Amino acid sequence: MWCLGVGGIDMKQYILDIVHGISSIAKGMWVTFTYLFKPHATVEYPEVNVESMLPPRYRGILQVDMDLCISCLACERACPIECIVIEDVKGDKTFVTSKLTQKPTPKVKYPLRFDIDIAKCMFCGLCVEPCPTGAIHHTRKFEGSVTNVADLTYSYIRDTDIELAEKQVELLANKKEKEQA
Amino acid sequence: MNFETQYINDRQMELNMGPQHPSTHGVLRFIVTTDGELIEKVVPDVGYLHRSIEKIGEKVSYHGFMPYTDRVDYVSAMTANHAYARSIEKMANIEVPKRGHYLRMLADELCRLASHLIAIGTYPMDIGAVTPFVHALREREKINDLLEELCGARLTYNYMRIGGVSFDIPQQFVSKTKVFLQEFAIFLDELDRMLSENTIFIQRVANLAAITTKDAIAYGLVGPNLRATGLHYDLRKDQPYACYNELDFEVPVGKGEQGILGDCYDRFIVRVEEMKQSAKMIRQIIDNLPEGPIIGKAPKTIREKDTSSYASVESSRGELGFFVVANGTANAHRVKIRSGSFAAISMLEKIAQGVFIADLVAIIASLDLVAPEIDR
Amino acid sequence: MSVQYLADAAYREEVLLFFSRVIPGQVIEAITLFATVAVFFSLMVTPIAAISVYIERRLSAKMQSRIGCNRLGPEGIFQMVADGIKMISKEDFMPQGADAFLFKFAPYLVMVGAFVSFACIPFSKQLLLADINIGVVYLLALSSIVVIGIMLAGWSSNNKWSLLGSLRSAAQIVSYEIPLGMSLLIPVIITGSLNLQEINQFQSGGIHNWLVFYALPFTVPAFVIYFISALAEVNRTPFDLPEAESELVSGFHTEYSGIRWGLFFIGEYHNMFLISCIAVTAFLGGYQKSAANFPFVIVSLFFMFFITFHILTFLPKLGFSLFQGKNILDMLMFHHPKPMRRWLRIVCLILAVVVSILFYINHAHSNMIQVVTFISKAYFLVLFIMWLRWSLPRYRIDQLMDLCWKKLIPISFICLCGVLVWVVLI
Amino acid sequence: MSVASPIWEMFLQKIDSATLLEHASLIYVRVVPKDLLPALTFLAKDDAFQMDYLKYMTVIDWEDHFELVYHLYSYRTNLECCVSVEIARENPIVASCHHIWPAANWHEREMYDLFGVTFSNHPNLQRLLLPVDWVGHPLRKDFVEQDHFNGVSTTRNNVVKLPSAREFES
């Protein structure tokens, strides 16, 4: 019907190419066809509560438990971006049970200001490691969108901490008077 | 790079491809002089993602620099951690326990899979097939979930510390990884059927921008791009580190199945084979994880007196090395990062001559360039 | 047999009388023809293009293990409306330095090419707008208007990328018209007439009368060549070079936005439906009754019932909540509960099967049944084109040309000679 | 490959002004600027070394002088070494070695961009990473960043240091 190899094109290779072309395209398309019957792998974010799906070690936005914080400034030194700022005042010695070792750790300094600039924080977790009492830790919150960047500077000090600091300063002051007297 | 658009002649025009262009991976820009379809000259213009991580290295302590190494190659961040940690350990000769090595290898291989999934996902998308990209991302999400469980982050892990790793594996991590490996095998088989034998894909990609081994070495090409040219060189095999000598795996090398050796198709196939090898390695690692501590004794603040050390790791884009010079203070004096994509893009000018614009997109995708690694 | 069903309305005589003193007869004839085409269009074909936009999004999502648009209305059906409103309400600016008149004129050319060529497609025995006795030539002529439109768009938007895209598409469409013309000649030779209605009448009777199987070794490759080159005509994957997202940003309609871009978008989906209509009339036995129609009719009836049932069950809820004063937007984000959705699907399927059997029994009498079978068969090819788009990579411009000149044209020559010999001998 | 092996002896006779030392298992070849190029070509071309792979080139700023480091490796003989040379800080000029390793082309442009080291007979010595009209070379120790570049301020006020940080509703 058509003698092979006429006109410089190898007829067998020509047909083989077409057959191979059609078969490989058909194989590829069969894969997409089978996906029509497989369930979807995506999750509808606002409806599904993604926070509950996150694993326990998830490094989300930081949270500081001020009762445990002994203001040792370990986290401030460890942070490579320096986005933690702590101002504290020396007071009477009290004991706080650390969350990590359940042993009482002495608390000498009392923080008056504890701010973290979450906008600059890269959630690297280097501040959580050196904390002796486990005060600073990651939560599973990750939604950090705000209208004004300054709103992302979280300050963790509460009024009770400031009163506690003043009380301890007085205690220390009159303890010193008692020693001099 | 001064770019007043000269008017070359009535046949040529200068085309600006990037930095906002759908198929330049990350923020890269290519000044293309072309006559419409055929490209006469390509000049890459980089530096849009230059954060000067090397200058930050001089301002931050040794431990504090670790999160910045994730940002050097955010697609496979674990290998950057591993390279930096090895460089500092080599300088301050800190011992890493065996389990620490195994966990590092596990994290590296998982990250290599995730990075190659991005590479083989975006490659066909630039050529037109959109579906494989979405399936590759679905598999990558599973790996991200595993790594999120391991160290708490999905992209910039900051998992390794100088002297070991920061977390041990959680309870059902081993069983979850096994389930992932089974699903991954199914995905790899689908990928072969969908892409590796598809004639349109092969026609578009075979015999395109073939690189010879001599040129590759001269331009400093590394990793899958170098192995695709036929050279059997892999840091994990030739300069084994972190107990890689205890794992058995082969190093896939380009064979030139569809046309010239070292063409775009070989680079694609070498990455697909590497993923199979990595999956095999992960199975071996989680099967015989040794007991013991996960981090060695590393001093709180490392102070080294005028020594310098270079250590490199086989990242998914080739040799990623950190050259650290110490000057006795708590911060490094100089940190130089050697990355694979930097060499690949310096070679683009030579290999992308006289190709079509559609091919230039395919070449960029086949070299698996990533902007942060080039600009650091 | 030149009576047009719709155009034969009573008002035609008064219109003729009133205008005859002012405008000659043929011009009025043409105006009334185009008027009916426009009316027919807004009722019949544009909703099909809108539905295919929605179905393409859901189908591509399913193929990529995603969900697709399911927020607006039950199963996301109102997404079509939302797309339409967005296209109309978005601002369509013109780039600086663009050639104003050509920039504005280009979309209309592309739209006209797609819309007007529906005039000679026979949807059923009576529903045929213009019984042009040179139907096939009319179609081929119109497809070249689309080329002019695309080139105008590319040139006038003063952007190197779109110029590249439009030149590519010009080369592609012009060179693929030859295999298209060749393969469309084959039904013309077999039936002996250019008029699509007669081509269709020729294929009456069961599946064995379809033209695809008429001269088997030659007409089947001819159908395949027709389909491939029609894909290239319409710039659909694997030939979507003119608007290759990953290289040329988005080809000739990069600089368009708003309703101008919408015209291109609608034009593309109309073209897709058009080439499948031609394929069905010329090769797969148009609206003729045949047992092979069952799968096509069942699928399309299922879609129709699926959409109507969801809207019907949604309306009372909408009315009730409007009565309660809830704002409309929350209501639009309405989902049926999961069991009810499964139930609705099962009911739709059963109903589709029953109705398709009814259609098969009294097929010849009613005109509406023929229209439904024709559209469902054409729509099956549209789904196939969508399936192609989401699983194949794209050709390069020189491979495209190589495929056309070295493979499609020789084979279509062979088929044409084969059919000539076949018709003469048998 | 320790320092005392015969190959390095042969290298020392060839380039007499070189001194060898070892940091963290990496051999350093300190060379005088005058015979930098002969040393590099010898290491690259000699069949005992065949260092055909230039890993990277970098400059270390020791406040009073620059140290230029070439890290070489050879695939055939698996040898690795760092050639380092001391050059002046004020407008240093070094011979370009892109004819030996084409990879050096872009590394030299980066050194010019970030340190200000000019390489003679380099095909296209322009800034690689920074914009064309950038003033100064950032990686030098004495680099002071201007607070405006083309009218865009380059500093962001540190919100945390301000006293009025807002309350966090936990």
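Think of it as A, B, C and D in the order they're written, each chain with its own count starting at 1.
Basically, a residue touches a chain if its C-beta (ideal position, glycine included) is under 8 Å from a C-beta of that chain, and two chains touch if they have at least 3 such contacts.
Just so it is clear, the model here is predicted, and its values are computed rather than measured.
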item	value
Chain at maximum distance from chain B, centres defined as averaged CA atoms	C
Between the pairs A-C and B-C, the one where more C-beta pairs touch	B-C
Distance from chain C to chain A - Cα centre to Cα centre, in angstrom	51
Length of the line joining the C-alpha centres of chain B and chain C, rounded to whole Å	45
Centre distance in Å when chain C and chain D are each reduced to the mean of their C-alpha atoms	62
Chain B and chain D: spacing of chain centres that average the CA atoms, whole Å	23
Sites on chain C at which at least two other chains make contact	63-66, 390-392
Sequence positions of chain B contacting 2 or more other chains	131, 138, 194, 198, 200
Pairwise touch network: line, ring, star, complete, or other	other
All pairs of touching chains, each written as two labels joined by a dash	A-B, A-C, A-D, B-C, B-D
Interface residues, chain C side, partner chain A - complex	59, 61-67, 387-388, 390-392, 407
Complex contact set, residues of chain A against chain B	17, 20-21, 24-25, 27-28, 30-32, 35, 41, 54-59, 78-80, 122-126, 129, 138
Chain C-touching residues of chain B, taken from the complex the two chains share	13, 15, 21-23, 36-37, 124-131, 134-135, 138, 194, 198, 200-201, 203-204, 356-359, 361
Contact set on chain B toward chain A in their complex	60-61, 63-68, 131, 138, 141, 148-153, 156, 158, 166-167, 170, 190, 193-195, 197-200
In the complex with chain B, residue positions of chain D that touch it	23-26, 52-56, 58, 60-61, 69, 71, 75, 78, 82, 101-103, 105-106, 114, 126-132, 138-139
